[in-house]
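Worksheet: the structure to be examined is printed underneath.
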Amino acid sequence: MKVGFIGLGRMGSGMARNLLRAGHEVVVFNRSREKAEALVADGARVADTPAAVCSVSEAVMTMLADDHAVEQVAFGENGIASALPAGAIHISCSTISIALARRLAAEHGRRGQRYLSGPVFGRPDAAESKKLLVIAAGPADVVEHCRPLFDAIGRQTFVVGSDPSQANAVKLCGNFMIAATLEAFGEAYAALRKAEVGPHTFLDVMSTLFGSPVYANYGRLIADEKFEPAGFALRLGLKDTRLVLEAAEEYAAPMPLASLIRDNFLSAMAHGQADQDWSSVTRVAARNAGLK
Amino acid sequence: MKVGFIGLGRMGSGMARNLLRAGHEVVVFNRSREKAEALVADGARVADTPAAVCSVSEAVMTMLADDHAVEQVAFGENGIASALPAGAIHISCSTISIALARRLAAEHGRRGQRYLSGPVFGRPDAAESKKLLVIAAGPADVVEHCRPLFDAIGRQTFVVGSDPSQANAVKLCGNFMIAATLEAFGEAYAALRKAEVGPHTFLDVMSTLFGSPVYANYGRLIADEKFEPAGFALRLGLKDTRLVLEAAEEYAAPMPLASLIRDNFLSAMAHGQADQDWSSVTRVAARNAGLK
Amino acid sequence: MKVGFIGLGRMGSGMARNLLRAGHEVVVFNRSREKAEALVADGARVADTPAAVCSVSEAVMTMLADDHAVEQVAFGENGIASALPAGAIHISCSTISIALARRLAAEHGRRGQRYLSGPVFGRPDAAESKKLLVIAAGPADVVEHCRPLFDAIGRQTFVVGSDPSQANAVKLCGNFMIAATLEAFGEAYAALRKAEVGPHTFLDVMSTLFGSPVYANYGRLIADEKFEPAGFALRLGLKDTRLVLEAAEEYAAPMPLASLIRDNFLSAMAHGQADQDWSSVTRVAARNAGLK
Amino acid sequence: MKVGFIGLGRMGSGMARNLLRAGHEVVVFNRSREKAEALVADGARVADTPAAVCSVSEAVMTMLADDHAVEQVAFGENGIASALPAGAIHISCSTISIALARRLAAEHGRRGQRYLSGPVFGRPDAAESKKLLVIAAGPADVVEHCRPLFDAIGRQTFVVGSDPSQANAVKLCGNFMIAATLEAFGEAYAALRKAEVGPHTFLDVMSTLFGSPVYANYGRLIADEKFEPAGFALRLGLKDTRLVLEAAEEYAAPMPLASLIRDNFLSAMAHGQADQDWSSVTRVAARNAGLK
């Protein structure tokens, strides 16, 4: 398929490369051009603007940092909305608000363009090695049409609904589930340290009890207090928690555990941890127990 | 080894049977005698009182419902403390408070008896099939002496410290980790139902993301709203949460997520869910979102 | 002083009337003109647009429902920013976000106009009877220049800082303090009802203990469960709580009690209480205790 | 009336003195005898044991630190239960658990003795100056019989029910209401300090808005950070919060704000604040905002 890809950060580069590996014709754009050039060797063509990407693509995927960046690329000068041909598809893979997903669906629809949300679970190494989980939502025929693209970037594609924002809701709730695990580890480790049980001892038990790589990996990060370099920065964890709480407000569904997590992220921000890994939110529980 | 076993409920029966299978000489006691008789065919001898169990045992394991039951059996008339020979060992496998674990260690010590905590993770079927995780703590030589007993009842033994109460702290924190998962599922499912994403859809993603049997099994129970018969009754979940919060108070380590879980268990109690599975605590999040 | 007044709802009408009573020349504007006409008998002149108000005023006060309304009136077509003479002053009395207060200060400043925040505490009857508390912030000379206006509408004026957004922060935190009282009453009443102590009995004690009209009045509303008609609608209470939490995020100062209040407002929204008085948030605690 | 008084700490001494001033014949006991002797000049007689107090009294009031102290004096050797004549009355004014209040009612009843709960609101200076609020509960005729005693020690007596434990529930919920105020101040002050609004500025507004001595006094203590000497020690505040949560559990009425307060008291304990005034719990919010 002729596909555009905009946003070649640590996640996007791997995703674009896997599209190329799967045999798609890929035109790329990135604000700092050198990241785009880096994909030429893999077969990508480089465009000068988002609009230039659109003019030659059936579908354009975006993988950007936050709502603001997506709004700029979608609705700014030389943006996607201004240039995407009628019937062509914008697929937003970024972790954005459900409000923005709805606006994208509405604005593209108004222009005769089509829109899907396709956010992903996984870190940069998973993006590179095609191990992402892809959460797709949008009109069934459009999703099916794009399935080869989703399958090219991930190990499994989950279609969760016909309204694109449903994929964003699932993505945000998934990140919330992971953050809940971080918080639970933080509290248990802090209490146990005061009982003179070391975190690695508890981790051994939990790794076996849950049998989950997520528990094993994050449990170790936290036990080791290895929060730099960040795999996923705490300020982004705070952003995602804000987004899930915004969604909770729109759905009128209280999420008190998400509120607790948000408050702890804020305390971590106040202690200068914005650029540490989000698992360092567990330092808040430790501090509140008077540790270190 | 000559070992006694007191408390033959759904957990204890399986544990005692596995001690017999491993070749130990087992004397059993249960308040309602028929459960003890049921083990005779497997080679157990039945005693009339806890004291009678103790008089012929090097080690006595207890698996009882709560602090009160353990206190009765340990310190009541014809109880363990009154009859256990000097040097013999009481191993409490029940999920009890750290305060009681300390009292047991102190009282047995005063009498020249020895004490270990050996609480377990796993449901009755895991007890039967020798798949429990055993958390052991106490003086290192005593733990090593009893290792054959631990190995006989579980698939893995974790020695977490030399103070018996440390095993209870680990057990309580482990249950807290599971309860945190329940709460997270409850909030996410409720929000997503209002977004018209079904719980089974979200469960598919989470099962893959976490790759954990705990997530798969509890996630399904909750999605199916199959809360009866209870695998683990909600009132016991509340009890364990109370115990972890008591521990948190003793350690001066706040556990706000445990507090949140406790409050939701209380709301579930107020809605008549005491005997449903503890995963039904997720109905609180659903109700607070106005669902059903 | 020649003063404009925009926004003649239940609060604004009383405030504008008190400006007239104090001898100021007042030009008024309201989206639905009849509310403006109603003030003619008191001496007001009616303008056709916000811009028309500005052209003849040294200072223009706005008293509107929320950020959106203020943005429309300030920056929309025929809005204040487009028409306010250089050196003239916009005083926003609405309960708005600190972010919007900052934007107003910046945008007016860029145009050579001046800006103050002057939010108020008090209900419509207090606005009518000149019993509001006025919270003012902005450059000291501008605040002093406008003090006669503040003194005309309230019983006391508190100058809380030189950055206008500080007044908004104080107003939002004040509403949070009241909401905290509501939540505390809700929880205590629910527990005591289950102890068969009636809310009015507890209220008698609390009225005496705190000696506060806020406690006496809200305590009675809640004990009587008299939530309609709303003195202050629950959806507005939710809005203000959202704003205080946004402020908390900007300041990196966790407010877990505000988070709890927000979650309970959401639950109330989910149960159809948007247009009841915000004190009906206490029904959430009652429901969670299984009452009614 | 012939009345006994046991427990002559900072609260009890003032209360006993006011009984004497009202013309009652008072026999006193205190563990450290010199505090009892100090009342001889006011007309008190000193007894050597609680039992000796009982033998000459129609009613015996106790004002002790906690459940443990009350249990000792009521049920210990030479305790009240062993010596109080049939028909005589034990009035417990201490802040104790509802469980202990029930046990006192049952045990005294079994012995043909009578029991009332009569906890009080007020600090030592209020006890001295007869300004306490007295919360009384028990059988109506017994309460009426003892009303002269209640009226002698306080400025107002509230009869809240016929089950003594109801008075304890009201007392615990009242302390919770005050603690909620502390928490609200803590969070607001912390956020506002980061907005560069000083706590005294906010306090001015809140004092006027709430018009409550509780707000004015505690608000100033917290703004001044004057936490020593303690008017009411933080570890006692934690105890009372534990008791209100125990009551909440018995009533199956979740009190999430009480849970939040408990967690913050625990954090304060972990930071060595046990003997500071309980209003120093507000330092937890400040620390979580990265202040100081």
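Letters A, B, C and D name the chains as they come in the text, with residue numbers starting at 1 for each one.
Criterion: contacts are C-beta pairs under 8 Å (C-beta built on N, C-alpha and C of every residue); 3 or more make two chains touch, one makes a residue touch a chain.
Since we're looking at a predicted model, the values are computed, not measured.
Provide the labels of all chains in contact with chain A and in contact with chain D.
Expected: B, C.
Among all chains, whose Cα centre is located farthest from the one for chain D?
A
Just the number, please: Cα centre separation of chain B and chain C in whole Å.
Once rounded, the distance between the two centres reads 53 Å.
Taking each chain's centre as its mean C-alpha position, how far apart are chain A and chain C in Å?
Distance between chain centres: 38 Å.
Quick check on chain D: which residues sit in contact with 2+ other chains?
Residue numbers touching two or more other chains: 248, 252-256, 260, 263, 266-267, 270, 288-290.
Across the complex, what residues on chain B touch chain C?
256, 263, 266-267, 270-272, 284, 287-290
Per the contact definition, I'd like the list of chain C residues that touch chain D in the complex.
Answer in residue numbers: 98, 121, 133, 135, 156, 158, 160-161, 163, 165-166, 169-170, 173-174, 176-178, 180-181, 183-185, 187-188, 190-197, 201-202, 204-206, 208-215, 244, 247-248, 251-258, 260, 285, 288-290.
What does chain D use to touch chain B in their complex?
For chain D paired with chain B, touching residues are 238, 242, 248-249, 252-256, 259-260, 262-264, 266-267, 269-270.
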